[in-house]
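Can you keep this structure in mind? I'll have questions shortly.
Residue numbering begins at 1 within each chain, and the chains themselves are lettered A, B, C, D, E and F in the order written.
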Amino acid sequence: MTEARADGRTYDQLRPVTIEKGWSEQAEGSALISFGKTKVLCTASFTPGVPRWLKGQGKGWVTAEYAMLPRATNDRNSRESVKGKIGGRTHEISRLVGRSLRAAVDMSALGENTIVIDCDVLQADGGTRTAAITGAYVALAQSIEWAKANKHVPTKATVLTRSIAAISVGIVDGVPLLDLAYVEDVRAGTDMNVVATGDGKLIEVQGTAEGQPFDREELDRLLDIALAGTATLTELQNEALKA
Amino acid sequence: MTEARADGRTYDQLRPVTIEKGWSEQAEGSALISFGKTKVLCTASFTPGVPRWLKGQGKGWVTAEYAMLPRATNDRNSRESVKGKIGGRTHEISRLVGRSLRAAVDMSALGENTIVIDCDVLQADGGTRTAAITGAYVALAQSIEWAKANKHVPTKATVLTRSIAAISVGIVDGVPLLDLAYVEDVRAGTDMNVVATGDGKLIEVQGTAEGQPFDREELDRLLDIALAGTATLTELQNEALKA
Amino acid sequence: MTEARADGRTYDQLRPVTIEKGWSEQAEGSALISFGKTKVLCTASFTPGVPRWLKGQGKGWVTAEYAMLPRATNDRNSRESVKGKIGGRTHEISRLVGRSLRAAVDMSALGENTIVIDCDVLQADGGTRTAAITGAYVALAQSIEWAKANKHVPTKATVLTRSIAAISVGIVDGVPLLDLAYVEDVRAGTDMNVVATGDGKLIEVQGTAEGQPFDREELDRLLDIALAGTATLTELQNEALKA
Amino acid sequence: MTEARADGRTYDQLRPVTIEKGWSEQAEGSALISFGKTKVLCTASFTPGVPRWLKGQGKGWVTAEYAMLPRATNDRNSRESVKGKIGGRTHEISRLVGRSLRAAVDMSALGENTIVIDCDVLQADGGTRTAAITGAYVALAQSIEWAKANKHVPTKATVLTRSIAAISVGIVDGVPLLDLAYVEDVRAGTDMNVVATGDGKLIEVQGTAEGQPFDREELDRLLDIALAGTATLTELQNEALKA
Amino acid sequence: MTEARADGRTYDQLRPVTIEKGWSEQAEGSALISFGKTKVLCTASFTPGVPRWLKGQGKGWVTAEYAMLPRATNDRNSRESVKGKIGGRTHEISRLVGRSLRAAVDMSALGENTIVIDCDVLQADGGTRTAAITGAYVALAQSIEWAKANKHVPTKATVLTRSIAAISVGIVDGVPLLDLAYVEDVRAGTDMNVVATGDGKLIEVQGTAEGQPFDREELDRLLDIALAGTATLTELQNEALKA
Amino acid sequence: MTEARADGRTYDQLRPVTIEKGWSEQAEGSALISFGKTKVLCTASFTPGVPRWLKGQGKGWVTAEYAMLPRATNDRNSRESVKGKIGGRTHEISRLVGRSLRAAVDMSALGENTIVIDCDVLQADGGTRTAAITGAYVALAQSIEWAKANKHVPTKATVLTRSIAAISVGIVDGVPLLDLAYVEDVRAGTDMNVVATGDGKLIEVQGTAEGQPFDREELDRLLDIALAGTATLTELQNEALKA
């Protein structure tokens, strides 16, 4: 576990992370986030009102859509709009992002308002879904500030009940690694995405054996480094939000 | 934790499970599985040959499709064929079932053959994805026996490298429960699906905080009862396969 | 005409028919029907209210959707939900089932309520559309009993004005045969589906020359055995409904 | 039965029928047919080769597509291309037209060639499917002449084994009527489409009770007038083809 | 520039143009227009009311859909309804037709009414979009007369503020030509569609270099002949409308 | 014409333009271009081989897809992938971009290789299609350099025969303006997009009267300022390509 990784990182080290709040000038909240070469543009669109099935309950709604530009990857993929349907992976990640963000929001405090988070991957090098969640939180937080400043939500309402951040971990050649780049991801025997709160509790744990099954000890080691990673991301989110 | 549940089960007790191998007479493998009122018809379709992107590598392919009849649930849902698109939940579960089954198969031993598993939920009362995986394993195993009997795969090939079974667990009112029925599922604060091997290792762990975040101790308690549950399911699968 | 058929039946004999009312516990009406190996699960979903184009006229609506599981047949077919569109055959049979059932219902007596019948073929061996109609009638009748018991429809209303049942007939090697199994169907020169009332009148006659044109005498002979078949099915429906 | 109909016809009289062979100058065969105000443009597109599933069998293929211009009817309907899917009625009629035409063709004599018939309803006033079949036969016959003239098919091959024509009949106020106009069609208790050969045999009989069930005597009376109608249409087709 | 074209026309001569107002008896306005072999059926459907986004503003709406029958062309194209999506070319021309027609209408004078123009190409030999616009104007004008006669629009309202007509021009072998037939169109180096008012002003100019870029002098020469062409078309429209 | 515009520009002044070549590290060519707040990410994907319909002719193919992120605009738009179909505007612009780029390429010199250009609008403030074309040219040029460096195309081949750039112009309150921002665009009476070569010839001219028709003098004045604008853009492209 002492050997450096392809890009020189230690096993429990994040790639360089940047979070640029407000990158999109027209959205109520936005962030351009990078985990190494992975770049995701997250926007939050705040609109008064909720979908019909939720009307009259005094609660808000938060949902998310994740997508990838066709040439975000090494080889170009067909556009889902051209194919006329959304792939399973896109659906699955959109649902994960939305569910994770909803865990950070008090819907009653939000009131009958809707926030749609769009996470568009501009460049992909592994960890796009965890970068998306981490950046989406910043866009979400900015949009809630906007909503308070614009009187859509009472200034004193505690709409955000906690912060969330996400990171991928995996076992490569028997070694648990934090924040897998694409070249590591394809070699990982076990692959796990962890969404955690700012104070280290779990929102979502998705571990998958790509080759050999894993045991509970391995699960524990992966969780250890993942939670250290999300703690660092939480600090970076806070800095970005203060900027 | 000593109180009985709505249907009288203890917290770590499965619902009545039945597995009827060969229910569909025309498929190479099939099983009608029930977890209480949840009923899933699983079929395995074996065909020589593999998709184009896999040709010439001497390896097979296993994939799965999960779906629900429109009136499997308490209220009728529109058919996805009528809507013209597959929902995110369907996509996500299909991917989970396929990934789980592939973890049980040695693709080189399967050779250039394809097995498509269809899991159609005839009646839904919680736990449909875990019943689907557990029943699909039986259909898969039967189809491999068929393939050996019909000389598509060498009789001595070890195509199945392990057995797999799946179960849901969740925390309801602070109590970890095994095999949630629908009424329990909607009340669960944390919800987790666990796919495990017959010898108790992990293939897939998907835990989600529906309300409050969960901590690692809760995760551990959920895994304890889940793995006891999959051990029981493994025995029932073996009995069904011998029948 | 004295020789037995492949399965030993006489030319005017039905396959073994079973009708299990209430197979789906959650639908307002349901029936699992089998004509030999052909198995169709029929459910009736009753909901107060009618589609917008019918509102305010005091009349109800009955419609049907027919579909086949991908591995109901000897070879697997792609799912229509995956293809993103419904095939012509599915459309055509759905329309036939719906039209036939509507002929059994007094829409004014039903009042502004909607019944959606789903007929999902679990296993197909010829005659799926006629089994679907025959089973759907049982599900429909059960759902109307439910609606009366639950005060959605007046107890004394005569919602069902007649019973309906359906059977296929065809000419194979010059011999008219009742209730064609798949192997007979592919060899039939003329193929006809007949939907009839319990008292032997016609609701729908669809005869098609697959090879040679047919004449009116042949049409008459086919109708003779078809109406004898639907008379037997009517008795079996009544028994199932009493169970 | 002696009273005249809204447009002055007797009960067994066709509307004025015109058939203009070769209306489309670019198709291998074509006909603009009118049954009263109903106008259908039929084209036959002949191409060497057959679909993949038919290759190497020495047989040809004939298929048909029926569609309606959005403003063919009294009120405008949305385009199926805009809706992104084909309706059940369109599917059903396309299948009927294709099946009927195939009954007129010896596929071995056609050889490995494909003929696609398009029937586009320019104006609709009842009977569009029967006008489509009747006109399509003329377009088909012209395209086979073209194929012989252009050496795609041997001059002496008997590709067309019989002629076909189609007409609608129905029972309105207890009276069987031939060739229903739209205003009659909506009032018909029983509605039937009959496709027949030039020598009076049956290719397709599709009778539907719209209100009351019908009995076999009524079926017979409808067939009587239908076959007289198709005999007249056969003469008109022959004249058009000679023109 | 003195040589005759393939069909004997001079460089600035239109093909024979016919406009038959009221070809469709059921639409509020219609015209069958031909530019040589190109034949387009244009219908105008007038309905009271406007789309939701326009309600309450006292203004009307005009929109258009352009489409081609599958065998309008030399080779058959797949139907867009069968493909389940509309191609880019279709979309682009529909937008052009709608935009051009809207330029002829005073939406306030139209009031809260909608006119949908359908342009269906029955036969295509170049210039289908310009024939569509030119014919659509006639259908539009007829539908406005209908609306006045039927009291949907005040008789004195000036709904049509100007007439419009359209023509294609192009440079073939260095020579600017008017109203390109298909064989000329495929050889054109520059291709331009011009929509103009009856008094010679421009509504839409779309010039495209298919091979070599063009200069402003060439643009001017093309506009010269195009405007002479639209002036002639304007006269023919007026004659058709008077008929 | 001496008054400043909302953002202080003169009538014939471009917004600040930046072109960042190689913004996407994984594509063969790329450029992030901004015209004021409008930001478009253009990538060029080079792949050996051509579509089937072009094989064996020794020629290459260039095509383009334009799209907008859902929150590129002031209000969020639904994703076209979610709607399952591409809108007319997207189709139209994709076709314009592709056609314009093809006018810059010698397909024989490119050889049997394909370049797909993706133009994704990250932020929209008017002029997205002209920014897309101008940036796409830079991505295209970079990808051709890449192809030469990687021996897919001979180093000496003149694949790019000319440079292209595009700009919008329009008449606002009677004044012709260059490079309209969104607030100007919505007020423009005439709107025109001009694609020109580096030496001032025309590739595409698309002028549309949004309100009043325009005359040829106005067309000339718009072309004057447009061509001055594209000349400036050509210089900026050259600088970016040298960087």
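Criterion: a residue touches a chain if its C-beta (ideal position, glycine included) is under 8 Å from a C-beta of that chain, and two chains touch if they have at least 3 such contacts.
On a predicted model such as this, the values are computed, not experimentally measured, just so you know.
Student: Superposing the C-alpha atoms of chain C on chain D takes a rotation of how many degrees, nearest 5?
Tutor: The C-alpha superposition of chain C onto chain D needs 180 degrees.
Student: Among the chain pairs D-E, A-F or E-F, which one reproduces the interface of C-D, with more than half of its contact pairs identical by residue number?
Tutor: E-F
Student: Can you work out the whole-Å distance between the CA centroids of chain B and chain E?
Tutor: About 59 Å, centre to centre.
Student: Provide the C-alpha centroid distance between chain B and chain C, rounded to the nearest whole angstrom.
Tutor: Computed from C-alpha means, the inter-chain centre distance equals 33 Å.
Student: Centroid of chain A to centroid of chain C, CA atoms only: how many Å?
Tutor: A distance of 51 Å separates the two centres.
Student: Residues of chain E that touch two or more other chains: which are they?
Tutor: Where chain E meets two or more other chains at a single residue, that happens at 84-86.
Student: Can you give me the ring order of the chains, beginning with chain D and going next to chain E?
Tutor: Here the ring, read from chain D toward chain E, comes out as D, E, F, A, B, C.
Student: In their complex, what parts of chain B are in touch with chain C?
Tutor: 24-27, 30, 37, 41, 43, 45, 47, 65, 67, 69-76, 79-86, 90, 116, 118, 120, 122-123
Student: Show which residues of chain F lie in contact with chain E when the two form their complex.
Tutor: Listed in rising order, the residues of chain F that touch chain E are 85-89, 91-92, 94-95, 99, 103, 162, 196-197, 201-209, 213-216, 219-220, 223.
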